[in-house]
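Below are two complexes that have subunit A in common, paired first with subunit B and then with subunit C.
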Partner chain A sequence: MLVPPFEMHVAKSVEDAILLRSEFGDDASFYCGGTELVLVMKLGLTDLAHLIDIKHVDELRTISIDDSGIRIGAAVTYREIENNPLLAADRPEFVSMISGIANIRVRSVGTLGGNLAFADPSSDPATYLLAVGGELEIGSADGKRRIVPMDGFHTGPYQPNMQDNEMIVSVRLPRNVTGGVVVHERMKLKERPNITVAVFASAVKGKVTQARVAVGSVGLVPVRFDEVDATLVGIEASTLDERLLRAATIARDSISLFDDANGSVEYKRHLVDHFVQKVARKAIEAVL
Partner chain B sequence: MEIASVVNGKRHEMDVADNTLLLDWLRTDLGLTGTKQSCEVQVCGVCTVLVDGVPVSGCTTLAVEARDSEVTTIEGLRGTDFYLRAEEVFMRHSAVQCGFCSPGFILTVYTLVNAGRTLSQDEIKEALNGNLCRCTGYKSIIDAAFEIVNAEVARKK
Partner chain C sequence: MSASTLNERDTTVERGAVGTSHARIDGPIKLSGQAQYVGDLEVPGMLYAKVFRSPIAHGRITLLDVTAAEAMEGVVAVLVGSDLADIDPFYGHAIRDRPIVALDRVRFVGEPIAAVAAKTMAQAEAAARQIIVEFDELPVAANLDAALATGAPIIHDGQTAAGFAHGLGKMPDREGNTCYSYELNTGDLGAVRAAGDIVIDHEYVFPAVYQYSMETHAVIAEHTGTEIRLWANCQHPFLVQSEIATLFNLPISSVRINVQFLGGGFGSKSYTKMEPLAAALARKAKKPVRIVNEVSESMVTTRRHNMKCRMVTTARSTGELVSRDVQIWLDTGAYADNGPRVTATAGDAAAGPYRWQATQVRAHCVYTNTGPSGSYRAFGATHVQWVGESQIDEVARRAGIDPLEMRRRNLLRRGETVRVKGKPLDADLIGDIEKVAAALGWGDERKPNRGRGISVGLLAAGAHPVSMATVRMDAAAGVSVLVGSTEMGQGTRTVMAQIAAQVLTVPMSKISVPGTDTSFTPYDRSTGASRSTTVAGKAVERAALVVRASLLETAGLAFGISDTSMLRLEDGCVTDGKQSMTFSQIITKRFGFAGGELVGHGEVKPEGGSGSYEEGPVFWEVCIAGAEVEVDINTGVVTIVRTSSVADVGRAINPAQVERQDEGATLQGIGNAMFEEMLYSADGDLLNDTLLDYRIPTMLDMPETMQCIIVENGDGPGPFGSKGCGEGALAAIPAAIVNALGDIGIDMYELPLTPERVWKRIQQIQQTK
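Showing the complex of A and B:
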């Protein structure tokens, strides 16, 4: 299988990359790990005359952690995240989620920014970021940067909410908070998960004060529902079983599903029900 | 693009079309056919090669990514002490039948050894979940990989 001919351009900075993208228009794409892009080019799903290599831009390759949060450059690979001791210490569940993506070769070169820009419906990172309240730093042609929440960034399959000549510069995660936990689990029979669920929960004096449930890989985009989260807030040990059941039922009935090679709507409803209960229980039992 | 790359210790300077895949460059231009071609969509692992010690799928990696880098294919390991010991363990466990998936498995195991950490059976299974075999079955391969990784890591300490 051949990749159609194109010309490679190596960008020196974010501004340089965006300028090239503006110049070439729809004939060009940013290129980094290539795990998704080279694949869709081979399969003939896209026709590009120019690739703009952004992996040599220093700003996109750094991980930093300070009091304000965690910043991961868009071109940081999964492998670099897996091997970062600071992330392992502060967000072990994030690193564990990353280390289960695809396979060892995809993780060698695949990047967090690329995953979020591609907006595959089965994205584990997008689902995780929804639960923790993650944000993205977007660079644009006028040199300005804006910060947008993960919530709402994927508007449809393969549809990130940004302009063609904008790019993801970094991904922002909040630091782990005292009294809060995030639990992530996926069920995976093939390369991509059948379902991926992440839950953030915090509690004070035996009562849940905050909860966010995110469900991915079953619908068109990873989703969360205010009503599900509201059902979990206020849980105490005595009300745990009943409220978990109710939250999972709301999630199962709210999510937009369709039949595909991963299963029927009925089967996916069962997965959502089961995994929301299971993962939310783990998170809440850990903080109560 | 003009590239300079060291493949299995030998330096190559070539003009490579930007759309050439690493797999095709290695097999066709350099004649290194130990790297196999199968699924074409980075799922099966038979095209595993190392670029600066990191395992990648040759079928979805562009050859220009090898520029200013060291590439290791199965031919580059042949005859090394690691290779000879790994070969003995694979044979003893009957972890090879047709042999088509073996170069990918051996290179992946090699990267696990270089990571320098002992691994449980479950961790070995996770690490090898991107390499497919269609004949001997996975148990013998996982047993062999488990023995090699833990013996080699212990040897380095």
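Showing the complex of A and C:
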């Protein structure tokens, strides 16, 4: 199928892009890497007359690191993240997660902001951000910006918690926690992951003080559970096995799953159990 | 990587082009993007076509309204079934069961109902969206169980005619949805079966698989009223030519097909595919039209048969094999395509190359309401080798015999009967399997959760042995080889050039092998069944020998030597050891000026028989491989650590190409065994018709070590003792992988070996322990 004809508008700024979006309404979409959007258009799932190109907005194209953490412009490509020396030094596990996304063609044009705005259920950046307590900077038509947590941003498959005339401007990673680690692992059998688990953990004097477990790519949205995290906090070497088992059981029983071509609920529950234990163990053993 | 083992027979081949890993002669134009594929071609006045396909799996068409589509801008013609009233619109080389477009009924999701020709592709697509169709829906049988059930919907009513290349004897009476059955019995099963102390009895499932070649089906057709021209990416241009001529009531010579390069085939472009539809649309439009399929469209154009199988193997407690009883059901989809031959080939491969007291094979080809199934590399053998070989391993485990030793004791030896009336075994299977096992480190200790497996099988190869070739040498001693083998990435043009270079002692740089144009290229039955080097290559060798004889004749006259056996060819000259003439000088001498050409024609035809399937095959292609796998028992993920395969090629004309063939077949074998599976809903929708959801093997799926062992026993019927290769590893690798898992204690009866299937099997095994 050919992409149906459309008109392209090049936005000069975030506000300009949002203005164009308001003007054309449902006939328009922001366009950046196009790795999801163009597929959807080719399949005839959407009939957009206008695309608003945001690739040339400087503010969306920069990466910066300071004391408050990392800011990645929404239109930064995966490949630019992979090749950024500051990120490689500061967040090797983040860069490694990004370099495992799809394939090099997708990573050369696909963007982190686009991934999060599309809210594909199999997105593993979303799972990672959930575990590290990532935030999003959202721009709106009135020129105001708001910061929202990743937690709760995906309310359903392909449903980001944003208004039509809003856009993701940047993605924020909090600064590294002293004595903390993040471990991310995915199992990928086809083009997209079947399960992604990311765990942040920190410990003081042989005892886990903070833990955050995120599970994604397996249900409708990436999820985390307070009870799972609470079960991990306070772990010492002697209680590791028993607590991990309990945390994994809570995760597998709490998560909402469905049968599809990627597997049965039975198998997916088992994967949740297995990977939560495996990844949390790696994280906790690294900090204990 | 290869360990070539040349025996004495090879010294009979003069040093030269054959046996050299010459670079592909079509490499430079492909790498520089100059090679033209059908999708790159534009014929003056050409229109673009969009096929309108059925959204339902089974139903009668109650309304088809194309008036709105016809009125759209740029639209020149819209083809529908009623446009075919003046011809017999059914085609199918095996069974003539398929209309060019649906006439009054659709039988699978994706079946062409109409086709639009317009000035631009966008106009064609827009017009196709305006076509209105309504159905009286019929019950759907979207899988084997549904099609074989009592009271199943009958997908084809009444008897259909045999196709022109049925080639498998008399058409049987139709029984329900079964369109063809093949039986093969030896010995008295009832009498010997009781002698088996060990009985292995299971049911098996093999998935529907897509051949996936990078280039989809594409064709340009032009119909002038008295002549049809096609530019098509078909593997078998001469069979397509004949079928198109029959369909449109034209002499064969009035159908002209041009085939340049194919971006892969693997059987998906064998026989007739989109050509009739393109020709019919061009006839109506009175202009050339081009159809280029989307991947999703090619996936409903052809696929590999999914299969159900029940197999019972009996053996004595000593490991001596007694009997095998096999029932096979192959899902050929809504139209037979090559299903009957796939069924017969599966039937032939089912018993495996073992010494049995009795065997019974019953193989059935079954219609369902899904996309048609046809050829895919190593068809039939890939379906059943893993079944039979896993049962051999089960017998070995029960009898406490090493699987390699089990095969040494029971495998057929050279010259023994493989199939009654057919060609006796023409290979050293025990020698081959020992090489494969050694490459795996067979006796070495296994790491935890790792297993090793080997497998042996045979594939009836060569198809019907009819090929012609013409070799022309011009006055400057340049050589062109006209041969109908289709270059689809396997390197046939390079091999044909090497054969001519060897016979004529000319450098490869002076040889050209153009694509096929049926107006000039002599007949070749087909490109498939591993036959090109063996059969068409033999025709090239014979044609080159005719040119060689002409050179010797004229040189002999010039030298005053009447016995041409005193002369020899050497580096582009004829010499008697004292005097020497270049080929150019000889041709000038022959014709009296620097012009003219030497033309040789070579022919391969059945010798001592009709060449029928029953009498065949041309040769038994050896399917032998080994694999070492590692399983993650927590997730069921299986990693292929190492593979080895034997290319028992008689004589490797181009060893590097032999290795690449085995590597490609190995990787496709990994795909078939591990993850490729077309999924259909109960109402016949193909659920994973994109490469996002249908997983093909990539470089990341390569084993750490992949070893191809070339065996050259000089025992093939092809030129210089060669025989074909390139399919065997695909049949053997899934079997080796299944046996490697069996070695860990995880017996599998259903492919692909998805992590979930393996994990569930591990749970089952742990529970029964």
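Going forward, the second predicted complex is superposed on the first by the 288 of 288 C-alpha atoms of A that agree within 3 Å, B and C clash if a C-alpha of one lies under 4 Å from a C-alpha of the other, contacts with A are read in each partner's own complex, and residues count from 1 in each chain.
Operating definition for what follows: contacts are C-beta pairs under 8 Å (C-beta built on N, C-alpha and C of every residue); 3 or more make two chains touch, one makes a residue touch a chain.
Keep in mind the model is a prediction, meaning the values are calculated, not measured.
In the superposition on chain A, A:274 contacts subunit C only, with no contact to subunit B.
In the superposition on chain A, contact of A:144 is made with neither subunit B nor subunit C. In the superposed model, A:2 makes contact with both subunit B and subunit C. Set against each other, subunit B and subunit C differ in how many residues of subunit A they touch, and the higher count belongs to B. Shared-chain residue A:205: touches no atom of subunit B or subunit C. When the shared chain is aligned, subunit C comes close enough to touch A:264, but subunit B does not.
Of the two partner chains placed by superposition, only subunit C is touched by A:192; subunit B is not. The interface of subunit A with subunit B overlaps its interface with subunit C at residues 1-2, 4-5, 191. Those residues of subunit B that touch subunit A in the complex are listed here as 1, 17-21, 40-43, 45, 48, 54-57, 59-62, 64-65, 108, 111, 126-127, 129-131. Against subunit B, in their complex, subunit A makes its touches with residues 1-8, 34-35, 38-39, 42-43, 51, 79, 100, 102-106, 108-109, 191. Of all the residues in subunit C, the ones that touch subunit A in their complex are 121-122, 125, 294, 634-635, 637, 675, 679, 687-688, 691-693, 695, 754-756, 759-760. Subunit A contributes residues 1-2, 4-5, 187, 189-192, 261, 263-264, 267, 270-271, 274, 278 to its touches with subunit C in the complex.
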